[in-house]
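Next come two complexes, and both contain chain A; in the first it sits with chain B, in the second with chain C.
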Partner chain A sequence: MDSLLSGQLLVATLVVGALYALVALGLNLIYGTMRLLNIAHGDLVMLGAYVSYWGFSLASVSPLVSMFVAMALSALLGMAIYVVLVRRALHSTALVARIEANSLLIFFGVSVILQNTAALLFTANPRAYAYLDQVIRIGDAAISANRLVVLVVALVVCVAAILYLRLSMTGLAIRALIQERDAARLAGIEPERIHLLSFALGFAMAALAGSLISMIQQVSPFMGFPFTIAAFVIIILGGLGNLMGSLIGGFLLAAIETYGVALTSASFRSILIYGVFIAVLVWRPQGLFGGARVAR
Partner chain B sequence: MHRKSIVTFMALAGLVLAGLAQAAEPVRIGFSLSKTGMFANATPSQLNVYELWKEQVNAAGGLDVAGERRPIEFVSYDDQSNTGNAVKIYEKLITDDKVDLLLAPWGTPFHFAVAAVLERHKFPMIGNSAASVQLREIKPGYIWFPTSAIPDKIAEEMGKLLSSRGVKTVAVTNLQLPFSLEIKQFLMPVLERAGIKVVVDEAYPPGIKDMTAILIKVKNAKPDAVLSLSYPPDSVLYMMTARELGIDAPFQFVLIGPTIDFFAKMFGPAADGIVTVGHWSPHQKAWPKAKPFFDAYVAKFNTRPDYLDSALAYMSVEILEQAVAKAGLDKEKLRRVIASTTFDTINGPVRFDGVQNATTPTMFLQLQAGEAQIVWPPDQATAEIMRKPAWPAQ
Partner chain C sequence: MTRRRLAAATAFLAVVALAALAPFLLGPYLVGVALDLLMWIALAESWILLSGMTGYISLGHAVFFGTGGYVMVLAWGVLPFWLVVPLGGLVAGLLALAIGYPCLRVRGPYFVILTFGVAEFAKFVVVAIEAGLGKAGRLMFGAPSLDELYFVMLALAAAAFVIADCVRRSRFGAGLRAIREDEDAAETIGVPTTRFKILAYTLSAIIPGMVGTVMVLRSTYFEPLQVFDPLISFTIVTMAIIGGSDGAPGPLMGAVFLVSLSELLWANLPEVYMILLGALLVGFVLGAPDGIHGWIRARLARRGA
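Here is the complex of A and B:
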C-alpha cells in the first residue's frame, strides 16, 4: 500500500498525463474553433516522430532541437491543408452545416495519405534511437532523463498554450470563436485568421508530441492511430472545445491507468479507462467541463 | 510486293521474339504481406528477405528448376493486415495470376487462413513466421512450418533453463494476445512441476501506456527471474521501466522485441543479458551459411535482420529453392520432395515430420555485447548464458 503513495507512481502519471494532454490539446483547438474532427491527428504525431528520428540518426541532431523543425513543418502542413481542403467547406453555407461529418471523411483521407506516404518513403521497419536514457533520482522516485524531458516540455507547452489563450488578444479571439462562432464575427473577429492559426497551432502541438515520443518509443508509419483514439477520448471526457478540460482529462486518464492498475490489477487497465469514460458521459454528456451545446 | 515483305518481316520478328521469350521465361512467385495496417511494422523483416533472395538467385543466373535456370519474378499484394484479404489474394494468385510457386504471408493467423486455400487447390507452400500449438492440428499436406519456437516447447525448455540457473521464484507479466497467452498457459504447470514459485502474475491488455504499477509489484517481490511475455510496444515499456526501478533479477526474459534491430539501437548496453526466444544466430559456426546471410542482409538494407522472423523467412526460401531444383514446378512432386528431404539451411539441417520441423530444437537467445547468441540448450549454444548485468549507471 505504501507504494501507492510513492513518488514513482506519481512521476509515471505525470509523464503519461502530460503527453496525453499535449496531444489532446492540439486536437481540441481544431475541433473547438472549427468543429473539425481531425482523425489524422495521430499521424501528425507520427510525422513529428520521424522528423526527430531522422534528425538524430542522420545528423545527430538532438530531438530538443529537431522538435522546432517538426513543429514548423507541421504548422505549414496544417495551414496548407486548411487553405486547400477546408476553407472552401467552411465558406459554403450548405457545407458548413455538415462540416463535422464531412471533416471525418476529409481527415480520414489525409490520414491514409500520410500513413502510406510515410510507409513508402521510410519503409514500415520500426525505428528507435537512444537519447538521454540515463536514470535520474528525484526523491524516492527514479525516472529516465528522456521521460523527464517529455514531462517538462509537454507540461510547459500545455500551460503556455492555456495561458496564451487566457491572456493574449489572439488567444481571447480564439476562445471567443470557440464559444460563440457567429457572434464572434459580429464582434469584429476575423474567423479566417483564427482558423489558420488554430490549424497551425494544433498541428504543431501534435508534431511536438511526436518529437518527444520518438525518444521513448519505437517509430513506425502506423503508430499514430492509438494517439488519435486517446486524444478523442480525452477531449470528449474533458469537454469538446474546453482546453482546460483537455489538460485535466489527460492527467485524469493517466491517473486512472497508473493508480487504477496499482489498486486492482493490470488486466483491469482498459476496463477502468473506458468504464470511467462511459460513466462520466452518462452523468455529464457534455464532458466534465463542457458547456451545454445547442445542436446546430 | 511491298506488303508481302512487311508481313514476312513481322512474321520473322514474331518468331525471334517468341524464341527469346522461350529462353528466359521467368518463374512467377506469388505472396501477400501486410504492407499497411497494424502489422505493417512487423512485415519488413520478412519482405526484405524475399527481396534479398530474389536478388541473390537472379544474380547467380536464375532459379534452378530441375536443371533449367530461370529468373524469379514476384507477384505480390498488400493484404492490409486483414486475414480475409490474404485468403482472397492467395485464391487470386493461384487461379487468376496462375503463379508457379507461392511464398508465405506474415504471421500465425495469416498462415492458418491461407492453409485452407492451399489444401483446396493442392498447392504446396512453405510457411515461416507462424508459431502455435494449433499448427499440429493442420492436416499435413500442403503447408509446412520450420519454426521450433512453439509455445508448449518454449514453456518446457524455459522450465529446464530456469531450473539449471537455480531459479526458485519467478515473476510473470504477460500481454493478452495469442502467442504470449499460449506460452503462459503451458508455462504455469511447467513451473509448478519444477518447484518454482510464481510470486507475481500480472496480465495486461494491449495498448497499455505505462507499466510502473505492475513492475513496482515485481520489484517488491524480489524474484530470481522475471519473464516479460510481451510484444514490442510493451517490451519497450518493460525495459524502460525496469531500468528506472532498477529491477536486478539475474534472469530477465523478454518475449518479442530483442531480436528486432530497433531494440539494440534503442537500448544499447542496457539490453545486454536479456534472454529471448529464437533458434538462429549468425555466430553458430556449425551453420556455415548463417554469417554470410547476416552480412548480405546488413549490406543490402543497412539494418540487421530479425533473428527470428528473418531467419525463418530465409530458411523457407532456401527449402523452396532446394526442393524446386530437385522436383521442378510440378506440385505433387514438390510436395513429396518437401515432405521427405533433409534441407541444408542457414539454421542447419531441416527435415519435416508432418507439418513440423523435426530437427531444429527449441532454443533461447541472449543479447551479449549487442549480439544475439544461442544460450540454450547447452549443446547448441554459441556462448555461455550470463547473469543479467546491472542496468547501466547514469
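Here is the complex of A and C:
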C-alpha cells in the first residue's frame, strides 16, 4: 500500500493526464463546435510523433523544435479535411440530419487512410529515439527529464488553450457557438470561420501531443487508436462540448488507469478503461459534471 | 408486383442452388474464398436489420461473432457441432437482449460509441478469462471439413438475406424505418420504438453468433483478439454502406465488391487495400449515401419515369 502513496504514481498520473487532456481538448473542440466525432483524432497524434521522430533521427532536430512543424502540418491537414470533406457534409441536408453518425463513418475512413499510408511509407515497425533521458529526483519520486518536459509543455498548452477560449474574442465566439448555435449566428458569429479555426486548433493540439509522446514512447502507424479511445472516454466523462471538463476528465482517466493498474495488474488496463466508458455512457451520458445540455 | 416477387424468388433460389454446387466444381482455395464471401454476406445482412433500418449504427457487431466463436470453443468436444451452431446464435441473441436495453436508451453518437465500447470490453474480458485459465490461443482438433462448413455458411447467408428482405417489407420493418426518419414522430403515431429497436438488435445478433461458431472451426484455432477484432465490425459497416443498407440486395453487393477487392489486393498490397477501403467509405458516405444498390435503383427509376 505504501507504493500507492508514493510520488511515483502521482508523477505518472500527471504526465499521462496532461497528454490525455491535450488530445481530448482538441477532440471536444471539434465535437462542440460542429457535432463531428473525429475518430481519426488519435492518428494525428501518430503523425505528430512521426514528424518529431524523423526530425530527430534524420536531422537531429530537437522534438521541442519539430513540434511546431508538426502542429503546422497537422493544422493544414485539418483545414484541408474541413474544406474538402466536412463542409460538404455540413451543407448537405441529407447528411446533416445524422451528422454525428455520418461524421464517424467519414473519419473512420480518414483514419484507415492515415494509418495505412503511414504503414506504407514508414513500415509497421515501431521506432524510438533517446532524448533527454537522464533521471531527475524530486522528493521520493524519480522522473526522466523528457517526461518532465512533456508534463510541463502539455500542461502549459492546456492551460493556455483554456484561457484563450475563456478570454479572447475568438475563444468567446467558439464557446458561444458550442452553447447556442443559432443565437451565436444571430449575434454575428460566422460559423464557417470558427469551424475552420476549430479544426486547425484541434488538429494542432493532437499533433503536439504526438511530438511530446514520441520522446517517451515508441512510434508506430497504429499507435493512435488507444489515444482516440482515451480521448472519447474523457470527453464523455467531462461532458461532450464541455472544454474544462476535458481537462479534469484527462487527469481523472489517467488516475483511474495508473492507480487501477497498480492495484490489479497491467492486463486489466483495457477492461478498466472500457468499464468506466460504458458505465458513464449508460448512467451519466451528460458527463460527470452534468449541467451541459445533451443532444439525446 | 407479385410476378416480380416470384421472379425474384426464383432467381434467388437459382443463385443458392448454383452456390451449393461450388464445393463440387471449385478447388479448396476458391471454396475458402466463397466461404469468406458468404460469411460477410451473412454478417452484413444481419447488421442492416438494426443499423440500416433504424439508423442506429452498431460499431460493435464483432462482439456477437466473437461470442459465437467462444461458445464453440467452450462447447467443442462436449456437444455435437450441429447443436453448438444454434446455441452460439442463442447466446449471442441473449447477449444482445441484455445489452440492448441500456444501449438503445441513448441515441445518435452515444449509441455508436457505446456499441464499440461494449465490444472492446467483451474482448478484453475474454482475453482476461483465457489468461486466467492459462490458455494462450486454443487449437480446435477434429473440425468438420471445409465443404461441410461451406454448406452451413451458405444456409446462414441465405437465411440472413431472406430475413432482411422479409423484415424490410413487413410492418415491423416499416416501423423500424419510421424510427430512422423521425423517432419522436414514430413514437407519437404508435410505433413501440423501444421494443422494436431491441427486437431488431437481438435479431441482428443471432446469425452473426452462428457465423462465429462456424468460422472458429474454419480457422481451427481460437484467439480472442482475432474473433473480437474491431476490424470485423468496421468491415461489416463499410460493406453495408458501400452496397446500400436499406434493403437486402445492398449488403450482398457491398460484400461481393469488397471481397473481390480484397482478393485482388490483400495478399500483396494490404495497405493499399485498406487505403482504398477508407477512401470508398468516405466517398460513399459523402457522394452516394444510399450505396451501390440505392444508386442503381435511382437510375432505374429515372429511366422508368
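Keep this in mind: the second predicted complex is superposed on the first by the 260 of 296 C-alpha atoms of A that agree within 3 Å, B and C clash if a C-alpha of one lies under 4 Å from a C-alpha of the other, contacts with A are read in each partner's own complex, and residues count from 1 in each chain.
The rule is simple: a residue touches a chain if its C-beta (ideal position, glycine included) is under 8 Å from a C-beta of that chain, and two chains touch if they have at least 3 such contacts.
Given the structure is predicted, the values throughout are model-derived calculations rather than measurements.
In the superposition on chain A, contact of A:Asn116 is made with both chain B and chain C. Of the two partner chains, neither chain B nor chain C is touched by A:Ile162. Once the two complexes are overlaid on the shared chain, A:Ala176 sits clear of chain B and of chain C alike. Look at A:Ala89: by the touch rule set out above, it reaches chain C but stays clear of chain B. Look at A:Ser267: by the touch rule set out above, it reaches both chain B and chain C. In the superposition on chain A, the residues of chain A touched by chain B in one structure and by chain C in the other are 115-116, 119, 267, 270. Note for the complex: chain A touches chain B at residues 3, 6, 8-9, 11-13, 15-16, 115-116, 119, 123-130, 133-136, 142-144, 147, 216-218, 220-223, 225-226, 230, 254, 257-259, 261-262, 265-267, 269-270. Against chain A, the residues of chain B that register as touching in their complex are 35-38, 40-41, 43-45, 173, 176, 202-205, 207-214, 216-217, 220, 232-233, 236, 240-241, 243-246, 260-263, 265-268, 270, 303, 391-394.
Residues of chain C that touch chain A in their complex: 55, 57, 59, 102-103, 105-110, 112-114, 117-118, 120-121, 124-125, 127-128, 131, 234, 237, 241, 270-272, 274-275, 277-282, 285-286, 289. For chain A in complex with chain C, the residues that touch the partner chain are 35, 37, 85, 88-89, 92, 94-95, 98, 100-102, 104-106, 108-113, 115-117, 119-120, 229, 232, 236, 240, 267-268, 270-271, 274-275, 277-278, 281-282, 285, 295-296.
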